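Worksheet for the structure shown next.
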Amino acid sequence: MINVGIVGATGYTGIELLRLLSGHDAVELKVVTSNSEKGKSVAAVFPGLRSHIDLEFVEHGSKQLESCDIVFFATPHATAMHYVQNLLNQNCKIIDLSADFRITNPSIWEQWYQEKHACPELLDIAVYGLPELNRSQIKDARLVANPGCYPTAITLALLPLIEHGLIDPEDIIADAKSGVSGAGRKAALATQFTEISESFKAYSVAGHRHLPEIIQTLTNVNSGSSVNLTFVPHLVPMNRGIFATIYVKSINQSLELQKYYTAYYAEEQFVDVMPEGSHPDTVSVRATNLCRISVHPAKNKSQPTVILSVIDNLVKGAAGQAIQNMNIMLGLEESTGLVIPAFIP
Amino acid sequence: MINVGIVGATGYTGIELLRLLSGHDAVELKVVTSNSEKGKSVAAVFPGLRSHIDLEFVEHGSKQLESCDIVFFATPHATAMHYVQNLLNQNCKIIDLSADFRITNPSIWEQWYQEKHACPELLDIAVYGLPELNRSQIKDARLVANPGCYPTAITLALLPLIEHGLIDPEDIIADAKSGVSGAGRKAALATQFTEISESFKAYSVAGHRHLPEIIQTLTNVNSGSSVNLTFVPHLVPMNRGIFATIYVKSINQSLELQKYYTAYYAEEQFVDVMPEGSHPDTVSVRATNLCRISVHPAKNKSQPTVILSVIDNLVKGAAGQAIQNMNIMLGLEESTGLVIPAFIP
Amino acid sequence: MINVGIVGATGYTGIELLRLLSGHDAVELKVVTSNSEKGKSVAAVFPGLRSHIDLEFVEHGSKQLESCDIVFFATPHATAMHYVQNLLNQNCKIIDLSADFRITNPSIWEQWYQEKHACPELLDIAVYGLPELNRSQIKDARLVANPGCYPTAITLALLPLIEHGLIDPEDIIADAKSGVSGAGRKAALATQFTEISESFKAYSVAGHRHLPEIIQTLTNVNSGSSVNLTFVPHLVPMNRGIFATIYVKSINQSLELQKYYTAYYAEEQFVDVMPEGSHPDTVSVRATNLCRISVHPAKNKSQPTVILSVIDNLVKGAAGQAIQNMNIMLGLEESTGLVIPAFIP
Amino acid sequence: MINVGIVGATGYTGIELLRLLSGHDAVELKVVTSNSEKGKSVAAVFPGLRSHIDLEFVEHGSKQLESCDIVFFATPHATAMHYVQNLLNQNCKIIDLSADFRITNPSIWEQWYQEKHACPELLDIAVYGLPELNRSQIKDARLVANPGCYPTAITLALLPLIEHGLIDPEDIIADAKSGVSGAGRKAALATQFTEISESFKAYSVAGHRHLPEIIQTLTNVNSGSSVNLTFVPHLVPMNRGIFATIYVKSINQSLELQKYYTAYYAEEQFVDVMPEGSHPDTVSVRATNLCRISVHPAKNKSQPTVILSVIDNLVKGAAGQAIQNMNIMLGLEESTGLVIPAFIP
């Protein structure tokens, strides 16, 4: 049996890891940490997990983590980077759900996260954990940087186009919308029920931390040539879900995009290209590890092609993708523990 | 492998059966019916089930059902009663999630449901499917009447008290609250998003169909002596969940209710007596088959004891309890397919 | 023109005072205070009030308040009691929306609010501001204690019965439900959107601060004889609204309660007795100063009579009732600034 | 006193007209029609309007309308066109909130609305009721076509740029989001609470009826030169609000857009240009007739400029703008009855 630990298991991605791992037969959850709840049982903090998880929270720095085969970090950014080196030394494999190892250039990271990176030397060995792009490297990785939620939805939508140079890489707009769980589990006035209900707004128009992450991936896919993406995130009064509406300028109008996308993702279990003319809905992927994509080709040359992409931000956008990465790293069937229908209503 | 069919699989309890059965290893879903969607694939009607259920809807009266070992009816009331006799003749076992076989006295049923009962003779063989009360009869049943959602939450809260004569059976108040999925999946002005959001109200104060069902069970448990229950249902602007606040007058003030309830339900996997002073929340049982109960003993003789009881109306209040009943009927481990942590947030 | 000030204008009751007073022709808002936002303009803190309120927040202790004819306190409890004496000395009239002057017995107040009362001597001159009960005293009051939201809904429902001894005063149950704005405008994990959406729960079953307030009023109305009320509050995933479901035991079964209630409140503009068999809804009073009441008489002797009572917790349960009190104190038409239809949807 | 009638007063725009007109001192509401509710009192259908509106619904074709000075049509499209000529003959002025008179070219209207236009000859006298664009024509109009909700938010955001040729008119993207009340007040499965809550989706990507309306206005403003706009609407799980995120390519990078917009709308009471860097929120305009606009200039030549525009779809996007038009037509102060702060929370 594979032993697993979770550092920072009291946030929404941490709880989601608990939920998904409790149904995963090939691994055993051994250690959960929380600096704020240490000493309490998981069941006391989350009554919804009574009888499912029989563990007590220990500190992030607990020695118990060293006996784990895999350790997930579900901590806020700038936390994992202080613990990872020691665990790697103990032969733990690491999947970091935070942003610490996503950006390969430490000075870009430091500019967006306003903090000094604690272990820039590890950025070289970190693999960006988007299985549809980097499956083979993930297989052998010791440290996986699990992608952000917006980057997952947007990158999966654009990969087929960028990889084969089918659009103008200088003119891409991603108008993205997220449920409130993306803001994390913490007391904040702006995300009180009373402030969010009946509220819809854009935020961070001037620049969001997920922008450099998306740009980095797409630039790599574009053989290093520059990609110009405008990314505007919005907050939706719902718990879960990312919806990205993406506008691109096609270079080749004659290509049948529907067929092309279907073929491109034919072998991918967790990318579902919807039938022509579809409008995917965040509910249709709730609780699942799926990214559903729908392609609406431009009606004429001067119009953009519109691509719609939806994920559950806590599953394919976080905990589910992390488990998908774990399965790849362990040589398990990639969908182990992740074959879950959408939760309706 | 056990073959299973679902009649009426396009309502919320039907979808929930699809979701739960797709994760149940011991049975195979063979037939799903829907008179309105017949001929369409499940995946076309519910994109969230794409890749999980590879079936087409057939008519309720389809012969294919006759080859099933177990057939679930997730139809509106007064539907199952027209199909059940034929399927029993074919040796199918039936679990009816509607109200058709819950009330043993057909004239009471006809008074509340305003329709003539089509097969009153089957009422004698129907077993009321509350496992915590009727487990041994369910084991041998050919026809199970799956309890209503309100009756499940309220009956489980009152069973320990009524069974041992610990309260005044003539003075019980159940103030109950339900999420909107309890109203079913259909177009109705009153349950439009715009009409429900920011709306809280009582309904059917003059009498609700679940009242005779609760009274019947409690009277039986009370050795046939009369039980007087006031039941007021309310509608909550949320999707799932039943919350019952129950007020009773204790006869024996010295009994330690917390210990008593904990002992009473000690062997039940799906009834969770919460620690003293707890306030269970509908979210803590969302997606689970649990009933969580919290007991707040009276502070003095003239005060009532308050019992709080929560379930997910679509799981323990419908599809989950139906599968629990199926497991019992098939001699499977009772929790097969039902060990699911709460879905948060 | 009457000059008005608001102390603590950044909570939801404060904002509601701003909204309602901006449409009140007989008074002029001169001073708004907020210790946390002092120095900022109202419009900067609340973009929704841009162009309606052209004031800057000053400190609670600001001398500017002394020039006001009426000062509203919309502060958390245990704040107003430190400022009121000084303002009374300056001939300001005070309407306190907090709990500081609601309980006439300071030791009971101190027991429930866990704090020493700063000016118990003022409790004697404070008038409990429920106009339907105390209109004539409010007229001459210098200090009005504006009732709590639950007490307003519950007391208005019970007044007709208690005043004329029509029910058993020892056996009253008030099962009450509140929207989330009742918890105030502050950062708290428990009232995050993600924690509240899909959540319904009871709280403070062991005892809520509004209980002694209700008991005090009803006991007074009951000529000082003891009243025994069980009060269980619940939290509803919506912004506004109080819904009280009240269970009482009628003494006189032959009294026609519908006619009686209608007659009792015939002259009251802000109490609307609904037609027989009605189920009032919180939406139907949203944004209004109305309390809507519906009476469901007991079907037989052993059953309780059920009374349903709804208000908007921020209007009739706070800011609207405060303005109603102000109008009475100033000799204005009682409904000035309060003739507002419900806000739908 | 001006007499006013409303045809089709049971939809959300109709109810909003009732709410706003009940607070408008210069007009008197005389006639309300509803074919489905005729004979019932307004108060019976909408308890929230009890005591505010003392009228009974009559038929759409009622002769009583002929005595009104102004008649509002709040009917579904293809209804008003059958009644307007007769009322014009009786010297009634008409404000049609539906789409019947918005498109000046009847064949374009017929293509998008799939119906034959009943009175194309009236299209010539109809004035498009966007006051910020057509104030002087509205003053003298006998028939006003009140703009759609999306067109109001999007057109107000783009007017300053198109009018002075500051952007590439061939490359405009409007990613727009609407609350559910935009779908109207009717029973529909897709807008049930249970289907909408936790759901976010795009719809009508292939083409939405508001597109030709926006194109027509912008083309006129662009001196008849072609405008190419991509418009993708989305549905948000909230009741009210339109949020438009608009991407344009500036021609003149050196223009200070913030100053320019502020100056452009300096005299407009109902367009509020927000401070630089702002992120307006739908809640901040809820219940108000305001359009709030925020401009985020491009960071470099190849990036788009982002304009955010929010309105309440039922007020500035429907009933409020209709009253603004009425005030102009009647020579009243334009803001009469419309000076309303946002409703929070």
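Going by the order they are written in, the chains are A, B, C and D; count residues from 1 in each one.
Going forward, a contact is a pair of C-beta atoms (placed from the backbone, for glycine too) under 8 Å apart; a residue touches a chain by one contact, two chains touch by 3 or more.
These numbers were taken from a predicted model, which means no experiment stands behind them.
Common neighbours of chain A and chain B, by the contact definition above: C, D. C-beta contact counts were set side by side for B-C and A-C; B-C has more. Averaging C-alpha coordinates per chain places the centre of chain A 46 Å away from that of chain C.
Averaging Cα coordinates per chain places chain C and chain D 37 Å apart. Here the CA centre of chain B is 39 Å from the CA centre of chain C. Residue positions of chain D touching 2 or more other chains: 12, 181, 194-195, 197-198, 237-240, 280-281, 283, 286, 345.
Those residues of chain A lying in contact with chain B across their complex are 12, 15-16, 18-19, 22-23, 46-53, 181, 197, 239-240, 269, 272, 274, 278, 280-281, 283-288, 292, 339-345.
By the touch rule above, chain C contacts chain A in their complex via residues 12, 180-181, 185-189, 191-198, 237-239. Residue ranges of chain C in contact with chain B, taken from their complex: 170-171, 173, 175, 177, 179, 194-195, 197-203, 205-206, 228, 230, 232, 234, 236-241, 243, 245, 247, 277, 279-283, 286, 296, 302-304, 306, 308, 310, 345.
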